[in-house]
Amino acid sequence: MRPISLRQWMTSVADRGRALLDLPPLLAAQGDSLEVMCRDLMGRRGEATSAALAREIASLWWRTPETTRVHFFRTLAGEFNPDPEAVAEAAGAYARAPGPSTQIALFRAVEPPRQELLRRINYAPGGTAALVSMRAALLELLPDHPELAAVDADFKHLLNSWFNRGFLELRAINWDTPASILEKLIRYEAVHAINGWEDLRRRLADDRRCFAFFHPAMPDEPLVFVEVALTTAISRDIAGILTAPIDAEADTRATTAVFYSISNCQAGLRGVSFGSFLIKQVVDELSQDVPTLRQFVTLSPIPGFTAWLREVETEEPWLVQLKANFPDAPTPETVEPLKRPLTKACARYLLSSRSPGVPLDPVARFHLGNGARLQQLNWLGDVSPKGLRQSAGMMVNYLYDLDYIERNHERLFDQGEIASARAVRALADQKI
Amino acid sequence: MRPISLRQWMTSVADRGRALLDLPPLLAAQGDSLEVMCRDLMGRRGEATSAALAREIASLWWRTPETTRVHFFRTLAGEFNPDPEAVAEAAGAYARAPGPSTQIALFRAVEPPRQELLRRINYAPGGTAALVSMRAALLELLPDHPELAAVDADFKHLLNSWFNRGFLELRAINWDTPASILEKLIRYEAVHAINGWEDLRRRLADDRRCFAFFHPAMPDEPLVFVEVALTTAISRDIAGILTAPIDAEADTRATTAVFYSISNCQAGLRGVSFGSFLIKQVVDELSQDVPTLRQFVTLSPIPGFTAWLREVETEEPWLVQLKANFPDAPTPETVEPLKRPLTKACARYLLSSRSPGVPLDPVARFHLGNGARLQQLNWLGDVSPKGLRQSAGMMVNYLYDLDYIERNHERLFDQGEIASARAVRALADQKI
Amino acid sequence: MRPISLRQWMTSVADRGRALLDLPPLLAAQGDSLEVMCRDLMGRRGEATSAALAREIASLWWRTPETTRVHFFRTLAGEFNPDPEAVAEAAGAYARAPGPSTQIALFRAVEPPRQELLRRINYAPGGTAALVSMRAALLELLPDHPELAAVDADFKHLLNSWFNRGFLELRAINWDTPASILEKLIRYEAVHAINGWEDLRRRLADDRRCFAFFHPAMPDEPLVFVEVALTTAISRDIAGILTAPIDAEADTRATTAVFYSISNCQAGLRGVSFGSFLIKQVVDELSQDVPTLRQFVTLSPIPGFTAWLREVETEEPWLVQLKANFPDAPTPETVEPLKRPLTKACARYLLSSRSPGVPLDPVARFHLGNGARLQQLNWLGDVSPKGLRQSAGMMVNYLYDLDYIERNHERLFDQGEIASARAVRALADQKI
Amino acid sequence: MRPISLRQWMTSVADRGRALLDLPPLLAAQGDSLEVMCRDLMGRRGEATSAALAREIASLWWRTPETTRVHFFRTLAGEFNPDPEAVAEAAGAYARAPGPSTQIALFRAVEPPRQELLRRINYAPGGTAALVSMRAALLELLPDHPELAAVDADFKHLLNSWFNRGFLELRAINWDTPASILEKLIRYEAVHAINGWEDLRRRLADDRRCFAFFHPAMPDEPLVFVEVALTTAISRDIAGILTAPIDAEADTRATTAVFYSISNCQAGLRGVSFGSFLIKQVVDELSQDVPTLRQFVTLSPIPGFTAWLREVETEEPWLVQLKANFPDAPTPETVEPLKRPLTKACARYLLSSRSPGVPLDPVARFHLGNGARLQQLNWLGDVSPKGLRQSAGMMVNYLYDLDYIERNHERLFDQGEIASARAVRALADQKI
């Protein structure tokens, strides 16, 4: 017998429970049916009916139209919220006599009942995937619906617990990987789009590597993946990586691993971050797999640069002038004359931060926060429309040196010091 | 590449972090070193040092002498407790203006910092197993240390979340199972001790089945297992099961599956119950595996019977007399003359309950709570010393009929009605 | 440790042996290097050097230009042939005194030394694949080189032994199959070409099934595969199968499994047949997987029909006339007026055979030989250029009824009786 | 779907064929039923009936009493032998006109029909295991039945082909191995008996290793296994290995791997040797697994020594005297006074050979033939009754140095030179 997850089995339990519930075979997602079932699920005690209800909710969710989702989340925010009076009472009891029992009672009063609801939905086959999808929908609504913030806090709290990093599993992705997973890479690639199966095959050739994290509860869904090129020098432009001829002997002579794309696959897991672990574990894997490797770098975009440039408040003449001259729709031709001030401005941007540990640029924030080092600025490294629009065509390499990342990380957070190569600092200081 | 868990990888991260920590290679578990490291772990931000600390804590735990454990838990109860003033303040803010932000703030103030500490320990290789062991130790201390109740509540809260039933995996245990797992069955069997490998082999023969639940984070540790005999009639005594000659054709002719032993393996998971799911899933597995099966019963002890008998307050003459006559150290010979009043008393005991859903006998509580039916009382079903001492030598069969368990369960909890066979009720009512 | 095949290990042995052999790192396949190494391999006794030589031969084979292959096979035919004198002597000794020892000696004298050579090549990593490729090349040469027939007999003898049906493994192919295997389906499909990944995906959708045989020594190479459509009626035309919208509920309502394509993947395994086993095993698999299935049929081409029609010697007026009128390049329009005589002629063709057990049409020979029944003739079932050219656009269904295939098979071989539906026989007998 | 071997499937085919055969459900193995079925199998053409017959034969074999086996093998030797007249005719045709067709015809005439019979039995589920068992029985009969030699030659020929080293799989055996395989180690251990599960567990502890070869057609049956101790010096006595306390840090500090037991498990595979490959592959595995290892030696018995000593023809006075004085039932006490001449005689024995490549002692023949070096003689290395009886209590270490085994092997076979340490040669030359 192969191992059978309890979840798979619950499908048959749920089938049995379904008969008891007297549900129609395919519930139309109308009106408040989700809410009705959630209420019922919290009241039930029998396992079969609970399992059937949880499965119905998980299944109905996917057919719930966007327009009625907000109503569902509002019910979670209202009806499944803690009772303020009970909270006040428990807080009072605790204040009068702090001790284990009053404290436990207060914790229970404060914990929103919707946490228990979400836990029960999670028992269902496909429950975790449905909850991750719910969170994704919730995150889209949140800007316009601040009243749902506490609901999101509960989703995040539970997903953080279930997606505890100790449960994740790293898998190498290659041409021997099931097609059903490979097609998800095509879909989820967020940095440099994959143009069909031939392009994907190139990215999985002998001189490339790809790794992803998976969770046991969603074994067919990558959570995050990274694409790596094995080369003999630090890559300076993305086109060079995407179109290079295959180096069939990279295995035995590559000196450099270039991480050129990292994509989070599950919008609903925002804030449940694994990317940092992924990169470092992959560095370790590659070190063993390809012993000739000597350095591990990224080839990264600078997504916030032009936006910063257009809005920076400055009195420095060269920067004032650059702001004025920077074209609305940059092209390689129109930026070329601005190369010197643009690279200086970009180095400045990358080296600046809002507060210790928080570089301005979001990608820089991620890699520098991981303990990487700002290594090299690449002029016209990405001349795609997006690259020109966001980064004036520039790219940057961050260097991962496992012997230093801990130190770099701590200096960034303790002293606000950004680890960087002398050359990048020199760019920031060059005379214009 | 086989999948590699992030945990395994963290071993190497932790090794790297260890150097930074400047820890001696094998820390002696002296004084308050656990506490010191826990404090440090909560303060750290770098991943390698955090990983190293978490691993040290998990590893040091196993070498911590019993005498210093209570000190560790007291630190968790004190130093890692919520700050009462902060709680009071957050409760006040929430009372004044209930809303998402004050509610989230209150939830954070109330959640004990030790929950975050335990989550961080859980990242370490072997972290989950260490936490389960900590809880086991804590449960032993709890009766004498009520001040640790809130600590236990946090352990239970987190273990319940991580051991969510949706993540469990059922595995058949047989003679093809790794010896390293089989020896754990020998160790963990709690109901009818396994006397070495030959006895184990008998219990895994062609006319027997064994199933266990496992969790991905402890893949070599069964959580709970059940032993089943495939027979052609409801077994009435345990010796008959343990010593019967092998029926090599049970596969094709057994009509009855007898669940004769269910053992929880992890003391630290008390209150995180899976036994109910195990039995029901196994009933389903067996139905498919052995199509001739018609009924699923347990052969169970009645562990609370004689204790109840000795203390029952009664004025009924026959019961008063039975109490008086019941021997201190019962033997088959000394109970035989009492057969009639003893079976009547036992049926009474099994059919009585404290409150709806809560039968008096713990084993009855488990099976009846699962929706099973009290089917048959077996005189001298277990004449082992333990069987005579606890149950006056009697055993009982509970019947699992999947078409009725939901209904039985609900009637028990809603109306306090115990599902039972007419014969058992007749025993309870028989004239003496 | 995962199991490691001795073959993988021999890679490192061979590396060690290579140093001893003093071989250049990449031998150019020039002149008679293959032959030299084969001679050497037969002489060597040490394992490392033998392993190195075997690997070199297997590897060098792939780089041997077509023009020099014939030379290699001639060497096998000549130098590695049995010694006629030794054979004569052993035959004489056996004739004089037949007995175990003279018989064994004769068997050894008659067995060509190249069998031992091929066995030694087979030890190498990739040895089996190289031998299968050698046989494919040999089969291409055979028509022009009858002197190589004995070499082919030895290849076939050994491949038959190694690809013993008892060692084969059936695998379901679906969208979860590694891309590296799926792309081989695209390459090997011999009946109805697969046009890229989207077409492949359609053929692996929920209402389709695909199965292949594999051998442990070539785990990534399908030997033969079959494509199946799950439908609610016997399909009459191939376009209907290839372009039908997906029936997502086929799993629970399909009554008919249509085998619409069977492709042998390895030219070098000609005469080592598994197709018959594949179909029957797949019928069994599908019966269990989709319990609603009631009938199993093929949708097959009739590749020899038009060739037969053009050459048939006949005096029957309608057939003489059909021959005369049949267009050189048939189209649906030009065959339509001939429908009646064409279907009659085709039924005749399918029902005729050269000798018991040997129907004329090669596809009919295969299915009828397997014990299938000629079930239905489909007018314009395949209007592709190839379909029109070979079969005048007709297709045929063969029915696999496991309860009858044994009987059908034996009647075909014993009495030359072709199992067929009354309707097909009626077509053959219709009046024109 | 997991891969399903064609063999497993054939079980159901065979079931279907069984009905056609009208066989009783459990055939008693009486009279000549095996022979009858073999005749039938050679005549059958339908697959289901063939499969059913093959399975019946494989199954019936196990129930065939020893007394009737010889009759079965005689039928194979007679009825399934080549036809001498046909052989003579084919030999004549070949002699007159040697060419591919006459040669192929001769090969077919000479190949005994029983080879085809054995191939057909091999299709059955369990066929390979039955054939291996038949060969084991045949080997026992052979000394008294020389007329069966040609039958044995066919068995060996086919088994050699199927058990081609390229198909074998090395597996590490440890405490995580299924109990069903571990119990076979207990049963098959041929050198130093394993006394139950506790003894086995010691032999699989952290400072021990065990490896076995398996074949895909008999996945649960080890073919040969080797037991290894990881130590810090060359072991001189077997008791030291079997009873040593566990060295939990052997992984990180062992310098020496001692191969102290190699057992062939399948008597029926005699002459189909894998032991040599096993040792060398294990040396490679261990080198990677335990990087501190510097030397690989055996601790081996000298099974032929005392027999040789008692029968040696000599005129050397010291040896004449030793022969005379050597006790019938040696004990440590009685051999101690003879230490000097005994070690000299033993060194002589080990260094002598019958012909190049063929040392006298069977164990020496195996290891020296593999290219190992005779390294060290150990006085009283095995004081078990068997050790004293066969080897006068001595043991010997053979050294496997992968850089030299090829050279040693070739020198042994080309020049008859036995690779040995100077100290052993000195022993052989010492003055008495």
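Every chain is named by a letter (A, B, C and D) in the order it is written, and numbering of its residues begins at 1.
Quick note on the criterion: a contact is a pair of C-beta atoms (placed from the backbone, for glycine too) under 8 Å apart; a residue touches a chain by one contact, two chains touch by 3 or more.
All values derive from a computational prediction rather than experimental measurement.
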* Asked: Moving only between chains that touch, what is the shortest number of steps from chain B to chain C?
  -> 2
* Structure fact -> chain A and chain C have mean C-alpha positions lying a whole-number Å distance apart equal to 49
* **Whole-Å gap separating chain A and chain B, where each centre is the average of the chain's CA atoms** => 37
* Structure fact -> Cα centre of chain A to Cα centre of chain D, whole Å, reads 57
* **Shared interface positions of chain C, touching two or more other chains** => none
* To do: Could you list each pair of chains that touch one another?
  => A-B, A-C, B-D, C-D
* Asked: If you look only at chain D, which of its residues touch chain C in the complex?
  -> 1, 3-7, 9-10, 12-13, 16-17, 20, 45-49, 77, 81-82, 84, 87-88, 91, 94-95, 98-101, 103-104, 106-107, 110-112, 119, 122-124, 127-128, 146-150, 153, 158, 161-162, 164-172, 213-214, 216-217, 276-277, 280-281, 284-285, 371, 402-403, 405-406, 409-410, 413
* Asked: What does chain D use to touch chain B in their complex?
  -> 175-180, 182, 196-197, 201
